[in-house]
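First chain written, first letter: the chains are A, B, C and D, and each begins at residue 1.
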Amino acid sequence: MAVRIVFLGKLADLAGGAERELPAPLDWMALVEACDGDLGDAISGDKVRIAVNGAVLADKATLSAGEGDEVALLPPVSGG
Amino acid sequence: MAVRIVFLGKLADLAGGAERELPAPLDWMALVEACDGDLGDAISGDKVRIAVNGAVLADKATLSAGEGDEVALLPPVSGG
Amino acid sequence: MKDVRLLDRAFDPNPLIDALAMACPAAGGLATFLGKVRMGEGVEALALSHYEPLTLPGMDTLADAALGRFDLEGLLIVHRTGLMHPGEPIVLVSAAARHRRDAIQAVDFAMDHLKSDSWFWKREKRVDGWHWIEPRAQDADDILRWS
Amino acid sequence: MKDVRLLDRAFDPNPLIDALAMACPAAGGLATFLGKVRMGEGVEALALSHYEPLTLPGMDTLADAALGRFDLEGLLIVHRTGLMHPGEPIVLVSAAARHRRDAIQAVDFAMDHLKSDSWFWKREKRVDGWHWIEPRAQDADDILRWS
């Protein structure tokens, strides 16, 4: 097993798909490195949040995901 | 014909009926005199408004009703 | 679209609301308030009296005020008169607007004015007989929110 | 009574609202907001995506916040996901309360939070293709009304 990455909203377009798998263990630096170009820039933006197994992290830099974890990258919600 | 007086809300209870006829012409003093006891006191209260043929008067004392006019006595509305 | 009704018998709110929505296809938002006779507080019946030459014209003026104040596609104001029992609808206000804030505020505005500034007199029947409902201080406060 | 639903297909609001009203006989007031896909603005379709582990739990937390903040007998929050066409309901909030102010404010509160603080991402299909909808500054302002 690995870490499952879920891209929400327009991040899925930039990633070319809604999901990817990356090798565990995975920290924030490794995740940004695995996301090249525009996608890496986008997920690094202040307004993109991250959740691990359904819990949103206060600080993306604290990401620490292991085997079987699901990491979701959450761009700003759309509003009214 | 005469002046038709319409009592709304609890004024109808005090008047013993929803309507009366009084002789024309009718001014405010004559109306109060024709309404004895509790009814006279009630219609004189600040919060009771008066309408002539569907138009509410700014000042009850200006009442001046003639033959066939309808005068409505309007206690405070009930609220929520 | 403006639809203002004074009804002397029980009504079903849904067809009236649906008709408003159908008439306002550009409205993304529909806000509604439905007021009913409360159940289970010892009220056996409610009687609403009105004064024909003032009550419906007053509701119509209120509808125009709401349409002038908020950006609405349509507004429905329905009020019962006569004898009602617990659970029956008394008042229905529904506003259709492009944006939700206009719809919600129009309903709030119309309800505050219907409750404290419209020509209705209300009696409740309790186990000991009929009682006239007096104005509440809260109603006067409510209407000042809009001045 | 709390009824929170995330639906992936078209729904009819009326039976859901009626069920809330039936479940809350002591509520004299029922306030409702229904948001639909607007017609006639060049939007051919709307697609709403969500994230299962966050979206429904977030709606449920929002419902609890409204129930804690306002004096309600019941609250219904329904949100669509998936593909929708003009005229179709997207969101329905209905609040039953003894007093109208609580019902209306709870709907206003829930809508502001659903719009700007819930886990939904929206795309519109126009004649030139699909476009992601960005957050609006207005939404951030709306939610500050409640803090």
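As a working rule, a residue touches a chain if its C-beta (ideal position, glycine included) is under 8 Å from a C-beta of that chain, and two chains touch if they have at least 3 such contacts.
Predicted model, so just to flag it, every value in this text is computed and none were measured.
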Pieces of the assembly after leaving out subunit C, positions unchanged: A, D | B
Could you run down the chains that neighbour subunit A and subunit D together? none
Interchain centroid distance [CA atoms averaged], subunit A/subunit C, Å: 50
Roughly how far is subunit C from subunit D, going centre to centre by Cα mean, in whole Å? 23
Centre-of-Cα separation between subunit C and subunit B, whole angstrom: 27
Which residue numbers or ranges of subunit A touch two or more of the other chains? 80
Quick one: which residues in subunit D touch 2 or more of the other chains? 100, 115, 142
In the complex, the residues of subunit C that touch subunit B are 49, 51, 53-54, 57, 115-122, 132-136, 138-139, 142
Which residues of subunit A touch subunit D in the complex? 6, 8-10, 12-13, 51, 53-54, 56, 70, 72, 74-80
Residues of subunit C touching subunit D in the complex: 14, 18, 21, 25-41, 86-87, 98, 100-101, 103-104, 107-108, 111, 115, 142
